[in-house]
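Pasting in a structure now, in structure tokens, and then I'll have a few things to ask.
The letters A, B, C and D name the chains in turn, as written, and every chain counts its residues from 1.
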Amino acid sequence: MDEIKTTQNEGEKLAFQSDYMEGAHPAIIKKLAETNLLHTSGYGSDKFCEEARTLIRKACETPDAQIQFLTGGTQTNSTVIDCLLKKWQGVIAAESGHVAVHEAGAVEYTGHKVIALKAQNGKLSAKTIESYIKDFYADANWEHVVEPGMVYISQPTEFGTIYSKQELSDISKVCRQHKIPLFADGARLAYALGSKENDVSLKDLARLTDVFYIGGTKCGTLFGEAVVVPKPELIPHFLTQIKQHGALLAKGRLLGIQFAELFKNDLYLELGKTADSYAQKIQDALTAAGYKLYFVSPTNQVFFVIENSKLQPLEQKVMYGFMEKYDENHTVIRFCTSWATTENDVEKLLQVIKEM
Amino acid sequence: MDEIKTTQNEGEKLAFQSDYMEGAHPAIIKKLAETNLLHTSGYGSDKFCEEARTLIRKACETPDAQIQFLTGGTQTNSTVIDCLLKKWQGVIAAESGHVAVHEAGAVEYTGHKVIALKAQNGKLSAKTIESYIKDFYADANWEHVVEPGMVYISQPTEFGTIYSKQELSDISKVCRQHKIPLFADGARLAYALGSKENDVSLKDLARLTDVFYIGGTKCGTLFGEAVVVPKPELIPHFLTQIKQHGALLAKGRLLGIQFAELFKNDLYLELGKTADSYAQKIQDALTAAGYKLYFVSPTNQVFFVIENSKLQPLEQKVMYGFMEKYDENHTVIRFCTSWATTENDVEKLLQVIKEM
Amino acid sequence: MDEIKTTQNEGEKLAFQSDYMEGAHPAIIKKLAETNLLHTSGYGSDKFCEEARTLIRKACETPDAQIQFLTGGTQTNSTVIDCLLKKWQGVIAAESGHVAVHEAGAVEYTGHKVIALKAQNGKLSAKTIESYIKDFYADANWEHVVEPGMVYISQPTEFGTIYSKQELSDISKVCRQHKIPLFADGARLAYALGSKENDVSLKDLARLTDVFYIGGTKCGTLFGEAVVVPKPELIPHFLTQIKQHGALLAKGRLLGIQFAELFKNDLYLELGKTADSYAQKIQDALTAAGYKLYFVSPTNQVFFVIENSKLQPLEQKVMYGFMEKYDENHTVIRFCTSWATTENDVEKLLQVIKEM
Amino acid sequence: MDEIKTTQNEGEKLAFQSDYMEGAHPAIIKKLAETNLLHTSGYGSDKFCEEARTLIRKACETPDAQIQFLTGGTQTNSTVIDCLLKKWQGVIAAESGHVAVHEAGAVEYTGHKVIALKAQNGKLSAKTIESYIKDFYADANWEHVVEPGMVYISQPTEFGTIYSKQELSDISKVCRQHKIPLFADGARLAYALGSKENDVSLKDLARLTDVFYIGGTKCGTLFGEAVVVPKPELIPHFLTQIKQHGALLAKGRLLGIQFAELFKNDLYLELGKTADSYAQKIQDALTAAGYKLYFVSPTNQVFFVIENSKLQPLEQKVMYGFMEKYDENHTVIRFCTSWATTENDVEKLLQVIKEM
């Protein structure tokens, strides 16, 4: 891709507000350009999609998995959840879960309640889920209440934290005891997989969840999420349902090409590792500078508490994201790294942190 | 884009089955690559989307228009229709309209009936619409029937035909008399605009419809449709509703970049003209060879009747599309050109037609 | 019930416009009054509902049937259809079927398309259904089309005609071959059962359909429809789904009390017989007087063609219903009898017919 | 109604579990019987409905109000909320609100989120609502979150508490400042109106809310809720939307007859007063006997804490309702009076309380 010059961001502010501010990993852009004029059939039936499926099945060690590609996170969440729930059921999620908070009611729009339960550091516990389900059926009026029909978790969570293999196994066990599917939102999965603290592999996800997706949009592609259904019959007529939700891309190959690139040479894992290591540097620098971390995050998102008076000066130099009020005088803000973050920018940010 | 080699399609069959079999116009791929590492904000709030909006507003002569970008046709249809209809209403469409037939019930999924009316050559007439509406309100039981709340047409239609300015004006007049919006699906709009027979400009569409979209997926982009709402207040909270439908692209800039390219140097119009002229050549060749045209199409889709016995031999040489049974011994098939069709391929197809 | 005087309708016009213009059969009113102050549990779990279920199961010879009571026809149709369809499916119905025409889009509101097929005299044929299903799966693009997931018929139909046992068996066979449920709307079932031409018993319905309902609202009750699911597991969590549709009556016993009365002493069958015999007299009188019947109806609804000039004079004497334009000078109108129609009123109507 | 003997409940347990265990007030049964064979037109267009509307408009001092009758509480809630919300909005409710908890997800089924906020004694405060709305619009990402589009409250609440005129005025003010409608669920409204502590009249409700309903099912009718829309244009095409929700009763007159009776001679107010006074006696007796009240309720529902060991003995004598775990050894249960509760039964219950 050397031949194509990209416009420089020189002179701009440092960009740490999010992980979807750039295009795609250069290897992907290169491949999209190379394959641009090839003719293929539509809707994901092409050879690139097949190649990507094969690579993903291998990485997840799920030879039978049904794999479908969608274009974005909210779309994937609302479509998959709708496909998994029976008509009278709702989905259990952390109260901070993306589907509970930041999807404009896309799940409810499909007719289903999001049953928001207390979470810790963005994570649901097996115990919380189990208690809820047991109490539900113990209620004499349960037939008048929305039945919990599945569990939604995010790996990593919206706060950058990750489920350990033990935690995930415990949740999986509860779900299987109660015969409800477990769905993991992997919009930022590369950053969980790349984390030093992570012990949950793709294979573990395929074994312990019933459906999960491998995020592309925030992890190196232009757009796209790869939904993995290890037991393919769990979602019948998935293609039709994706179409019905307006989520079927005509030129499905664009998704296949991108995911095939991500799963060649472990690119997906490498992307995450680098971004996570940068985030850890930033987190360490913040701690060293005396800032309180809102959560200790092992992935690419760093949340910390900052005095309100420092916000405006900071904004002159760095774009940051996701804030909420901490108290009258403090705010929680986020620095977020990504596959596109450069070492140079991290160094500059560390300098800014020292001075802020 | 000379620098990037694209894999050759040599040895493959001729590809005339559809207009979404390749990637994007090379100018678009070039621009996506050049801008790839720039940082921008998400969800269509970036400078590229603004640039594209400005260019489209200028081309449509609608300085106030609200313009939003979605990723595909079915998604755009079901989202826009849902945004335009009151909860108790349905949408009038041709019985052959895409929303009535080929969208897996995406409109009904949002709770609305598609009121399918008789069409001619894929086109609704103002008279048909007016009769339906008048009969509706004349029915003593109208309150128990789905109220027609808008009209959906396609320009060009699913059969490649186009509405003339007079026809469109007549439909528009009926809609305005009855105070219901008119929505034009422009998934293949470039091929209507590029047709020699066409007298409906973008400006006319902006004046005569209430919402229309400029198709990208089939007209030169990787994906994407630009929805134009000349009177912006007609769809309030459009962004939120797009999100709710799972149709909001995180990296909205990808759509902005692509549509900005399409609307520089009249690329959008040029794309269509070339594809249409190729289709006319093919149509002429079919007629000359004695084939019956199913519809006389002035755009990029050619439908004709062929003996069943010729189908298999043809398949060895050309990929064709969209067939329906004509009678026991004949089938209707489609040859479709696109912005990616080459003169060379057309010449080869003309040769095939002579020999088939 | 002799003790309670009912207000006389003296001086009013003759009432033949519909079969839901009065309250309930006197035996039902009597029972409601007698049981009025008894305490029972709610939502259909009371002894009266159990009694009604037992009587209905016996009448239908379906000892295992799940039976639920809802309050009205549109509600029952949209709830049952939603419970039977998978999320991506639609329901096949006659183009004149109540769900296709007169339910304000209640089925679409639940997210499902009504696939309206050509009917004859209001009836779908097994052949029409089979063709549609075969063509559906023969279409290369079937995954982009709404899958036919069940068949809805009305017995009697909206035009008063009835399916014969042979016709019903044929439809049932097609449905079972394609593994989709058959649902019969029995809003006016008493009038089918009471018809001299009828050879379809309750037992046949229970055997040949997968779900059907026994109409109360138009057949002797204040309100209420009894849904019979011969294989109870076909609709899981039915009570919850009824509640979710806003269709669960708190004082479910009201439905139990009413249906128990209808199924004691064959009241339900008797009601229908009388009303049908009156309708036949009216139909004969119309024919004798030279009126063209729009359909030859063996049940309680009589449709005939009348000159427009006669409509207003007729209206002074009789309330009639359901009209549609026949041609410029003629209209189709309906006379409808019911369990509440008296011999005296019929005699008066016959006189009116002679004079009109 | 003396002529009709009702079966005695002698020998049965005392019935205090709910307020929908009997039929209707005898005056209503009498009227239903008297009018039974009258012919009227359907769907609420009859003279009885008009009479009821006139009486209700007078009682509420809202001469222009649109009034529609539905059959049950959940149905009314989900239909009205759906009619009031724009497609992208959700409804604010107390976390203990009926729509948030006990309606099987009927609101979500229509596509809308229930935004459950903290409540005190079952009541939302104006401050809580205002904070939520302000925080909502202060969030930079508000376009990605469900917009609060209306407020739902219950008068009395699910815990028997009531909003004072001041509290209701404050909530009303917040709603009007933010231009969102306020809807009051009056399923048990008679018991709020009849409470000694109540200072909110029907007129106040009509003035301070935008829609409210007058509950019948729990307040003297067989079934039915009267929805009052003081500014009638607030819900256009209400009849059609009621039909679309499967909530339109064919024999609408049944609702008109019942509500007309309730609003003659102040029957509705009297019903509530008596039931409330009985409940207060029971509450006083419980307090005197040393039981902890879960809430101090001024209406017909009494919630108190009881040792688990006492539950089974109590069950032998009294049917009680609605329990939740208080702690390991205690449970919260409910005694509920109604228009059908007799002084004799109350005396017996007071004796049971002394002995339990």
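Just so we're on the same page, a residue touches a chain if its C-beta (ideal position, glycine included) is under 8 Å from a C-beta of that chain, and two chains touch if they have at least 3 such contacts.
On a predicted model such as this, the values are computed, not experimentally measured, just so you know.
Engineer: Compute the centre of every chain as the mean of its C-alpha atoms, then state which one is farthest from the centre of chain C.
Structural biologist: Measuring from the centre of chain C, the most distant chain centre belongs to A.
Engineer: Determine which of the two chain pairs, B-C or C-D, is joined by the larger number of C-beta pairs in contact.
Structural biologist: C-D
Engineer: Taking each chain's centre as the mean position of its Cα atoms, how many Å separate chain A from chain C?
Structural biologist: Those two chain centres are 51 Å apart.
Engineer: So, what's the distance in Å between the C-alpha centres of chain C and chain B?
Structural biologist: Distance between chain centres, rounded to whole Å: 43 Å.
Engineer: Cα centroid separation between chain C and chain D, in whole Å?
Structural biologist: Computed from C-alpha means, the inter-chain centre distance equals 33 Å.
Engineer: Give the residues of chain D touching no fewer than two other chains, as numbers and ranges.
Structural biologist: Only 88, 103-105, 109, 111, 143-144, 240-241, 243-244 qualify.
Engineer: Okay, in this complex, where on chain B does chain A touch?
Structural biologist: That would be residues 1, 3-7, 9, 12, 15, 17-18, 20-24, 26, 29-30, 32-42, 71-76, 78-79, 103-106, 109, 217-218, 222-223, 240-241, 243-251, 254, 319, 340 of chain B.
Engineer: Per the contact definition, I'd like the list of chain C residues that touch chain A in the complex.
Structural biologist: 82-83, 86-88, 111, 143-144, 147, 236-237, 239-241, 243-244
Engineer: For chain D, which residues count as touching chain A in their complex?
Structural biologist: 88, 90, 101-105, 108-114, 140-141, 143-146, 323
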